[in-house]
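We call the chains A, B, C and D, going by the order they appear; numbering starts again at 1 in every chain.
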């Protein structure tokens, strides 16, 4: 996978985030503050604008740019968390021109570790980590078995979607939803839902 | 008619005003500020309280007390206007122990003149004067023909009711409703409606 | 209707108890419904008394204090006070050189204050009155009760209050009050109706894409209903109405006033448009207020009030004031 | 949804343009979204920077000025600002003796301010942070993101601002800020939800006889839903929660804060009940604020914040302040 692959990924994320913006905001309205869709939409719109100005030389440079832009434009909890994730992804990939599924899986693991460190959320706390962590495991397993990118990304996307769905019965222990205590039960975490979209976009692009 | 007759009138006014309070307020909501029912209800409740403390010696003294209490407790436009009306009514009756329909008609005429002077509203301006003025005319005519109190008061009440109904198509030129310009058309004036209630109460008591 | 009250019948006195507890600089006679300065009348200073229906807070009780009112008489919600309150207040603030009544032009306010003024005069207190009638949405003609008093009331209270504080005689204080009123114009817009505790339901109905133009401060509908639009366009309608009545120019004092339920961030959005409009018309917002000052319970919307300044009026506006609702310089 | 805005996407910058036009004492960098004192940083004075999502006006931009903040960073509506804003503001107010970040305890605010603080430190600006977490509706435990920062933010900004104005060193300013926070407790109640311009519909639904207890300031539902009742009872629930967490006694600083759409007359009704509760519990409201200070757009409701005073804190509270939202002594 080269820079143009990751450019396509970012384009696809931008598209689905815009399309699902209202749903994400509604999920956030139920147990948060009704801005998650607007936040990510603003962030990825800014990413697209940044990419219209410069074309990064490598997948790593591209993803660092994406992460930096998210940090600079999103705000809220998800801005630093997703920003850090993309930056760490890019940093780990370094300046290689081509990235294998295994390399990507390792970089995503580093990215998710960074999110965990920053937000100190564990799996089961009802956050984006509940979608990110199973996706990383699924991707790592597929890559270790030598799966093609398309298959590996499909496994990761499915794991993220299942992880997001599995947040519904949980009581939140991190983020705004935790203020609701038991009333947070019965709602999908918006950040886990957006993680599922981001990995779904990876699947879409990987399947082309 | 003696003091107890006018006491009964005041009781009956208090009763109907309380019963029709919400309707009066709704009329006022449409073209005013939604307080006319509450204003009169507060006023006559205070009148009842005042009458529980002292029993005036004559119809005149009673009606002066009613007027003074309304001035002191109602506020708004209707407080000074109705207050002045009752005070003038009482003052004109003086300290006579008994009042004939003709004397009452003359006193009511003086009362309505006082209202006109204070508020400088003419008939057709869509105010309480549109119910008061025809009521005074009907009462005067009936009294001049030597009608019994019951008949005379029935005529006055009917004239007030017709006068109130006739305010519906008018455009207001006085009071808050005048701010609405042409939008005041199509609504009954709340003050004219309460005048109809007050004269209706007179009919009720006169018919006993 | 949901309200943070104990009982619709006791809202005014319950709130006055809160005012008394919150502001040691005020003395509140809850029984007689008068809000005074705690310091009492000052010999040789003209007293300023205002009042009107409740539901417009901080007007008027929130403007009692050094440099502004000496007393305020709150009536029931949207109902002018009764003469007794005004008499009590007038006597209570008399410093021996007369008292100015600041009266908003509504039939009820005018009648009740007039009755009180007559009685005070009979008892030897000199009273002058100024009628505030700044609302350009109402034509001042034989066919109306005349222009309503709205936002300019605050300007009159502040500027006349500053002059009175300097020891000016009653005639001068009354004259500056009348001058401020003559130089001021207002226009109001509602995005939603309001609900009085007594009525328990909104005073009118507005669809989600409608607004009321030319409203007063008593929850009454406006002159016309219009389609909702961007703040820029709504502000333009208000400013056009003001500008047509008294062409804008030079230094102005501008209040962008919230009707009670409009978020401050929206008031600032609107103020930016007011400021742009003034510049376009060669005028300048030399002094400004943005916030909830002359409200209409829980109505969403705003009013703009513009006063054409002179150096003297600016000086008096800038003079120290210390009230719950307006404070600077001390 | 009806809002007095031009466009849901430009609310924050449009409002900042209005803030700039309304307040000559402020310098507003609309592009970078920072509100500064017009006078700029003062050598030898600790700088105070706060910020957070917009929609809480006058917090924080309305508290920039002498005796309070040096700069505020408004994020999008209910969204914490980005690190760039905080970095810009921090550098812009540095008077050479360090800058205090006043951060409300929300994951987003904490992360963005932390990132900014790290970068500022790398660039040689000394930064200390105080975390405000006064909301007793949230248990501070492993099972939550910790208590939210709400009304006490204003107390921290005012008191730390006064100390900074006197030239105290960063460590002392940070210590008094932390002390004020430790001595403060808040509880909020919603009578209605609010509507963000971006979402365009209320964040939750409440029946006409229901209220939300233990709400924050972001339109989120509270800990529990309860039956609506008289102000007296609702206030008691709030005060009980505060009193159970930090028993009331002695001299207190009390804010009865409106959430944005509650008429001031109702806030006074509630304040009377707060005052009565304090007396019952042997405490006294020595200093008070009643009004819209830390709002949640067009939410109906209120919060109470109580801070246990010391003589020194009272002195700092009373010190002169000159901001759009809070002003006395100058």
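Keep in mind that, in the parts below, contacts are C-beta pairs under 8 Å (C-beta built on N, C-alpha and C of every residue); 3 or more make two chains touch, one makes a residue touch a chain.
Model, not experiment: these values are computed from the prediction.
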How many angstrom lie between the CA centroids of chain C and chain D, rounded to a whole number? 29
Note: chain D sits from chain A at a C-alpha centroid distance in Å of 32
I'd like to verify one number: the distance from the centre of chain A to the centre of chain C, where each centre is the average of its C-alpha atoms, in whole angstrom. 54
Multi-partner residues of chain C (each touching 2 or more other chains): 77
So what shape is it, when you link every pair of chains that touch: line, ring, star, complete or other? line
Pull out all the chain pairs that touch, please. A-D, B-C, C-D
Using the touch definition from the top, list the residues of chain D that touch chain C in their complex. 1-7, 11-12, 14-19, 21-23, 54-55, 57-58, 62, 77, 191-192, 206, 208, 211, 228, 230-232, 234, 256, 260-273, 275, 285, 288, 290, 292, 295, 297-298, 300-302, 322, 324, 327-330
So, in the complex, the side of chain D touching chain A is made of residues 53, 75-84, 106-108, 111-112, 115, 137-139, 142-145, 148, 196, 198-199, 203-204, 216, 218-221, 223-224
What residues on chain A touch chain D, complex-wise? 25-26, 29-35, 37-39, 42, 71-81, 118-119, 171, 173-176, 178-181, 183
